[in-house]
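Order as written gives the chain letters A, B, C, D, E and F; numbering starts at 1 within each chain.
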């Protein structure tokens, strides 16, 4: 299994940002993304997913390190201050490196 | 991208435990957590998410290694024997280390 | 925390494959799997989860490296060409190694 | 009346589809939606009827019914321990399931009566609510003893604020305060759709029950026998109590159904938290895989026959 | 009658909202809920009507309809291969979609007839069920040939136990066994809400159809032409068959609609598993992006006119 | 009439369950389903009524109502800045919430009128739609000034194509085009279930409102005072405007309710994107944690009394 190295960027943030983030990610060079619904708690309190204003999304992007850095810089600049958001990186192996 | 090292603790378990786990995690020092709904199969059979008693949750906590160890010890002691539950650790990089 | 090393295999693909994948995974030796619903975008366009034909699932399997390799070889052979699908590996630590 | 209730056919459809491994599946959120409507509807209907009663007059009935809820698990427990050779926690948990009640079974029984225009005491949902909880307490005491370090306060919270209780009691109170007339506008959803919602709910329960068959095979004959015979005993107790309390034949039958039915919503959730060492597969297999189908398909007309019989003996 | 059916307007609303990139979106679980209700309602209604018929009398009609389901894809396939220059698997898959039927289109057509109080053979859902599957088999044979290593058994399972078939057939059987009277209590949900549920369903289908427009642009004119012309041909075949079989004008129109419509639930799911190398974007773009809107917005009244015309010619 | 509306009791049930930390919770998809039905139903009803009016005659009323929507936030803003000492963005955002309207509150007010058979101008949903948006624009201008680098185009897209506007306006148009008669078939869902769906919606809103109590405690008395007093002022303005425009007492009351209510669907979403630096907790706490319960539980009858009073003074 000769898996190539990539970064998995996981973003957990407010559902209101879904459309904007999707556009940002593609503009920043990601070849794809995956989104699922989530709820949670953090420094901005409980987000319980009962209704729109209170639900989270969990966004995953597999990409190379350079794009991961661009994504994190962009999010830090535009969203970190005002939105409930966390972001973390994981090292992952992929099989079809040309896809990511 | 000077990401700081943290642990991501992922717990997959019975939905009935949601409220209790959330309380436990905060008490053990986690600064936040994210939950999403899941279904699956393991040693305790199929859990198909059709109705309450049969659905899983997927809990993620980003924290430092010490708290990750506390969480895993606590879960092992209180839940492992009697609940459908798995838990695994991943090394992740984070940008705002003070948050986790 | 003496966690044992395992692989986490994450597969993101079309919801239509759910039942087949679950059977494949068990046959290939996985002791369990977890599935959640997702939406996303990739080389095969937007998959928006509004209705069946357009929704994704996110499958996770914790297993040893050998089974992870078997899974990825199987998926590559049977599904890669014709289905919207990505797959990546993460190194994770687990506590009850006999379970995986 | 062709004699075959279509809602029962929906249950069968779910059962057959599940056994045939169809990919039919109602999303979890729809299951919750349907059960919220059913629970509220039952509560509202009972509450609207309560508004016409004096609670004082009902007190003896209420106490007797609570007593039945306390005693039924005490009968079940030794059977499960001795004959079934189950571990203490498992026997206690199953006893709690059978001491409590199944809202779905109750709803089907009411639909059965309504289709036949048989009258019954319409405040019966009050009895349903009263029967939900006592068995849970008995079950925990059976497993842990009195000196237990059970966190009663926390548990009380879980039980009294679990969603099925909140919706049933909430519906009862709303129906009681508002009264039958004021409920009319919301009746389009809660009463007009009741049977249809129940049909979809039963379709899903059929799918769920089909999922229990695998574990049924593993856990052998005892659970099947218990899951059929104990309800028959319960029906006798419930029907008899109904006679003693002066209920109509329809009311006797409903009390028999309540006693004969086993919980699969409130009790499983409470047991998971209070008695985690009890294996939930055993109790759900019995209550959902055996007793629920038995009651729906065979039990309900049987219990009505029983109520008529008891009436003649007693009257 | 102002002439404009509001349910069609719901489809337009979804289409416009989707094209304008509104963030309106029905959750997937709600889409499933709505389609479960529609499928069961159509089945129940047809089944209740079947109870009044002798199946023997319907046999010739049933066979003729199945034959049509087998032949339509055989006509479509060479067109798709020759004129459309599509790859074998793609042509076979699209042929299967157009040989099968769209339940949503059928429901809108029935609503159109009901609003105009035009009678039709109410057991028509039986024909709908019979048309769902034959085209799938033909499609696979076209792509693979007879000596194929297709896993027929597994595939049969997928097709016959796919949720739309289970719900339609299940509804038919329940309606048939229970009969019209016993269905009344569940009618509040399945019949009373039918039009409203259909309206919401069409709202969502409008959003989905809007999502197909992008790929429509990429895949050129041929799919648009095929997606409009083949249904016209199908309508002629279906309407003509209806005449031969002695259907009422309403029934002829419904058979025309069935023949003219293309599947977007059962067939896509089956093709994904049986012919994975067929590109699902092509078939869904044609069936959802072209044919469905065309039938809903233009086709239905057209096919009724056609049925009247055929009737005069034939009668 | 016992005087207590059951739908209000549903709100109380949700509130009590939430405050008691019950695990009752409606899935997010069900919340969306309920609000889609409510928004469409309100739009359809208003549209069907509009079909009977000449839009020309309504123009003065429409302009006056839009003016009110522009002015209300201009009154709220200085109060929030000076008395509440809020940051600019927060004051502007809250002002926008209170200049706009709450569809849930409107629905409860209509139900209140209908239960008492009090007539009102049934095209009122048109005013509701007209009031949704102006305040958003004013709020952004207050926070950013005119020279702002706000992306108006993008924002216009978000606001006009946000789901609540699309559904309300879509419903209005469908109702208008189709007319009252053609709507009858879909009325089973949209009108027959209206009160029941509203009841479930309020149950969920009660749970959500209960979740705001924590932040209420943190953000002190000012939000509570503002959340009660500003609606009273708004009701006076709305009621007075209704009198000037020659509305019936029922219509005056509804205009008072619109002015007194604060948005919690469209405006929060727009503010999140247009004024991210505004703290959403503050505005939601005020609008959902204070004003919504106040209006539902106390305000609605109060505003009707006010409308009667104004009528006598004016008439």
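To be clear about the criterion, a residue touches a chain if its C-beta (ideal position, glycine included) is under 8 Å from a C-beta of that chain, and two chains touch if they have at least 3 such contacts.
Nothing here was measured: the structure is a model prediction, and the numbers come from that model.
Visitor: Regarding the chain A and chain C pair, does the interface count as same (over half of residue numbers shared) or different (under half shared)?
Guide: different
Visitor: Counting C-beta pairs in contact, does A-B beat B-D or the other way around?
Guide: The greater number of contacts lies at A-B.
Visitor: Provide the C-alpha centroid distance between chain B and chain C, rounded to the nearest whole angstrom.
Guide: It comes to 19 Å between the two C-alpha centres.
Visitor: I'd like the Å distance between the centres of chain C and chain E, where a centre is the mean of that chain's Cα atoms.
Guide: Whole-Å distance between the two chain centres: 34.
Visitor: Taking each chain's centre as the mean position of its Cα atoms, how many Å separate chain E from chain F?
Guide: 41
Visitor: Which residue numbers or ranges of chain E touch two or more of the other chains?
Guide: 23, 25-29, 32-33, 192-193
Visitor: Which chain A residues reach two or more other chains?
Guide: 36-37, 90-91
Visitor: Please give the residue numbers of chain B that touch chain A in the complex, ascending.
Guide: By the definition above, chain B touches chain A via 1, 3, 6, 8, 22, 26, 31-37, 62, 90-96, 99-100.
Visitor: Going by the contact rule set out above, which residues of chain C touch chain A in the complex?
Guide: 10, 12, 36-43, 56, 58, 65, 68-69, 72-73, 76, 80, 86-91
Visitor: Which part of chain E faces chain D closely enough to touch in the complex?
Guide: Those residues of chain E that touch chain D are 27-29, 32-33, 36-37, 44, 157-158, 161-163, 166-167, 170, 173-175, 177-179, 181-183, 185-190, 192-193.
Visitor: For the complex, which residues does chain A have touching chain F?
Guide: 14, 16, 20, 37, 44-46, 48-55, 79, 81-83
Visitor: State the interface residues of chain E toward chain C in the complex, per the touch definition above.
Guide: 25-26, 28, 31-32, 204, 207-208, 211, 214-215, 264-265, 268-269, 272-273, 276-277, 280-281, 284
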